[in-house]
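Two complexes come next, and they have one chain in common, chain A, joined by chain B in the first and chain C in the second.
Moving on, here comes the complex of A and B:
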């Protein structure tokens, strides 16, 4: 048994039992971050804060929301929005955060792609991050069902139908997922369960994994430089703070991190108070009606690019293209055959590839929102094909890249 | 050596218990997600086929899904091609187009344009003619026909009658 002595202070008492000083060092003051970074390195903290906002606002919404097909719509649009004191605030925070979190996820992802932060030991960071993207997508979709408006119902119908897998006609699987022939009570309650318990648990577990994957390879830097963290941290601790290439996570890095978070929160609450409409689709303010499809169905903006990859093709090819788009990002560390972990701007053809992919995804997003007719149909088809071609070309482009 | 084999036995014994437990739990979880018996029992609807006006699309409801019923006009019946005729349902001497009113692509409800006698799905632009055949992709096939049984002038949706079985066997519907 460990030897305990009479405590000299509360801190000492805790230290003997929980080693809090050691934990603080491991987690914060001697967790080393490179100095050569920019504001894009703060996106992880921005995401953590946004997730906290979603969690807190969700807890308050959960106090009045009723997962019943006859009451869900009114519990959201009447009880929460009009009766509950500041109920509107929680709903607007939840809705805006659900939308903005994807904007920041995309920035975080493309930052990683640009700086090659998925290579040389950082593969698991990328993979756990993509798993988070998938669970966040499921979380967003299940949450979208809960107000039980027209868009909830018809998005639920269309997305669950994807599981019939086109020509395989797995209608039994679709009915099993729904618990009914169409989205109804069983469907609403199980998506409620997924949204408030199972998926948040999975997300929290994956966030833990995502942090853990950073420990050994550490955070990347602006030049993709391989830093000897052991040596640089010793230099820092010996007093040569200016000469060291690294700094403490807390308080050195955190102070800058939280500065970015502060600016972000001002932008975020500006959206919550003055521009919240963008996150609340007007069509979803009609109660769900299984006998009337809205004139034009589209997902939230963050799913538009993958929706547009599904849309221009016949059903089986569309599903294959859609499936391709869902998994291909996950494989990025293995499709990029170049050993260079440096910014895209110094990687020749890969730099072009990066910007083409980004532009293509913006085009897909724009076309996904427009009705599938005329010239937009054609642009959508070309952009969808370009997406697939870009990913198929990636191993060939990077294989021929010169060693930097 | 003695210890290792004992430990090995205990590991295998636990593995067996855990395996049985895991399979049992998965069966229970799967069954819990199944549609309830009450949902399945409510899956039958009887339609009185004498009440429909000619040439007008009426939407009924079966298993929460819209059912399109169109009593064909004399011109429609006269002009039917072989494939359109294959989808024809005759009850009490009248000809009907009867189908599940969901696009076979991803399940939106297409709108009917009486002037063009055609359906257009707003979700992804699929089109169908008045007999329920697909005329423009992405939908992979014509409207599905629900299981039906003809009894006099009534039609029972959800039960399989000989006319429906024949359509299913010949691949006209899934």
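Moving on, here comes the complex of A and C:
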């Protein structure tokens, strides 16, 4: 057993038992961050804050929400929106945060792709991040079922139907997932469980893993510079703060994180109070009706690009393309054959590939919402094919990249 | 090194706004039919040329025109001939009490309605006298004098007993113009009136049965039960509701919903009623929103100052 002495202060008392000073150093004051990074490196903190907003607002909503097909819509739209003091605020925060979190995730992802932050020892950062993307997607989808409105019901119907895997006709699997032939009570209760327990647990575990994956390779920087963290941190601690290439996480980088968070929250709360319709779809304010299919069924904006990869093809090919789109991002560290971990702007063909992918995904997103007819159908098909071609081409164009 | 942050920020904002514009304003403009407001002018209906005399109108309403055979005018001491459920059983829907009709509905609309209900209501696709399908409201064929003068007299009478147009309340507007077909559960409104708080469950159930009986007749009459409008302000929005009330056929050709002929002012009050049902916290939302924005801006300023202070030593 360790040797304990009479404590001289509360801090000392805790220090002997929990090594709080050591923990503080490891987690904050001697967690070294390169100086040559820009505000895009604050997206992690922005995501953490948004997740906290989701968690807190979710806890408040959970106190009044009723997972029953006859009461769910009422409990959301009457009890929470009208009866409970500031219930509307929690719902708007929750709904808007659920949408905005994906915007920030996409910015975070494309930052990683642009600066090559998934290479040279940083593969696990990327993979754990993509696992977070998948669990966040499942969390968003399961949450979307809960108000039991028209779009909840029909999106639930369409998405669970995907699991019949087209020509394989695995209808038994679809029924097993739904717990019924159509979305009904069993379906609602299990998606409620997934949304408030299993998936949040998985997300919190994965956030821990995502932080841990950063520990050894450290965060990347905007110049693709290889930094000797050992040497630079000694320089900093010796007093040469200005000359060192690194800084403390806290308070040095955290002060910048908070500045970005401040600006982000202005944007976020503007949306919550004055521009919320994009996140709270009007169609979902009609109660679920299994006998009345809405004129247009579309997922939330952040799923549109993958929905559009599914849609322009015949059933079986569409499903294969969709499956391809779901796993291909995960494989990015292995498809990029270049040894260069530098910004895309200095990587020749890869730079072009990056902007093409970004624009293609925006085109897919737009076409995924528009009715699949006429010119939109054609643009959607071309964009979906372009997405597949881009990813197939990636190993070839990066293999020939010159070493920087 | 040159500071690239402003450029990066502009790129991030530009792509975000582009995506937003594509999936929201642009996509919705492609998905939904846009119907312009007709400003409640009822331009398709003939203009009113005669000036009516209220006293003559009253004689017609209770006498030759026989309006009170079906309609109550409680304001003038004329009760309904039957209760709402029985009336719906007979006509399909409970004929409205005309006490405030003169203030709620457009005069041009009322004049046309009296002579040719199916035409004014834009339900001629459903009720065609030639095919033996009569609208439950009997057209007024005249009482021997000049028909347009008589119609003007009736309208003048209805206007004389009604509240002043500016006194129309949201509740009055909704209950008269919409409430005999549409329930608003969140406001306890049913097609036969507001459900009272009963002391005994037996009484409450008896009331519910009456509502169900009424709805059964209404469903037969309309083809399907008209929807509960509790959340329509959020699911359809103000513009859709307003233009739909103005002319249902413009949005949904062939719909059984009649054009109800309200004035622009009454339509505004109907919208206000729906906001009070489905968006009760809108004033609180704006007020809280302003305070939160002020708080967050102050927070952001302090965060910026803190960052500047911390980073002074880092360069």
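For this structure, a couple of remarks:
In this section, the second predicted complex is superposed on the first by the 404 of 404 C-alpha atoms of A that agree within 3 Å, B and C clash if a C-alpha of one lies under 4 Å from a C-alpha of the other, contacts with A are read in each partner's own complex, and residues count from 1 in each chain.
Keep this in mind: a residue touches a chain if its C-beta (ideal position, glycine included) is under 8 Å from a C-beta of that chain, and two chains touch if they have at least 3 such contacts.
Model, not experiment: these values are computed from the prediction.
Applying the stated clash criterion after superposition on chain A shows that chain B and chain C can sit side by side.
Once the two complexes are laid over each other on the shared chain, residue contacts for A:348 go to neither chain B nor chain C.
With both structures placed on the common chain, the touch criterion links A:180 to chain B but leaves chain C unconnected. Contacts of A:282 after superposition: chain C is touched, whereas chain B is not reached.
In the superposed model, A:370 lies in contact with chain C only, and not with chain B. In the superposed model, A:252 makes contact with chain C only, not with chain B.
By the touch criterion stated above, A:301 is placed in contact with chain C alone, chain B being left untouched.
Looking at the superposition, the partner that touches the larger set of chain A residues, chain B or chain C, turns out to be C. Contacts of A:200 after superposition: neither chain B nor chain C is touched.
By the document's definition of touching, of the two partners only chain C reaches A:103; chain B does not. After superposing both complexes on chain A, the closest C-alpha pair between chain B and chain C lies 11 Å apart.
Once the two complexes are overlaid on chain A, the chain A residues touched by chain B in the first and by chain C in the second are 295-296, 371. Interface of chain B with chain A (complex): residues 30, 33-36, 39, 43, 59, 61, 63-66, 104-111, 122-125, 137-140, 174. On the side of chain A, the complex with chain C involves touching residues 35-36, 38-40, 77-78, 81-82, 86, 88-89, 92, 103, 107, 222, 241-242, 247, 251-252, 255-256, 258-259, 261-263, 265-266, 269-270, 272-274, 277-278, 280, 282-287, 295-296, 301, 304, 358, 362, 365-366, 369-371, 376.
Within the complex, the chain C residues that touch chain A are 1, 4-5, 8-9, 12, 15-16, 18-20, 22-24, 26-27, 30-31, 186, 230-232, 234-237, 278, 280-281, 284-286, 288-289, 292-293, 296-297, 299-304, 306-307, 309-311, 313-315.
Of all residues in chain A, those touching chain B in their complex are 154, 157-158, 161-162, 166-167, 169, 171, 175-182, 184, 186, 190, 290-297, 311, 313-316, 318, 371-373, 377.
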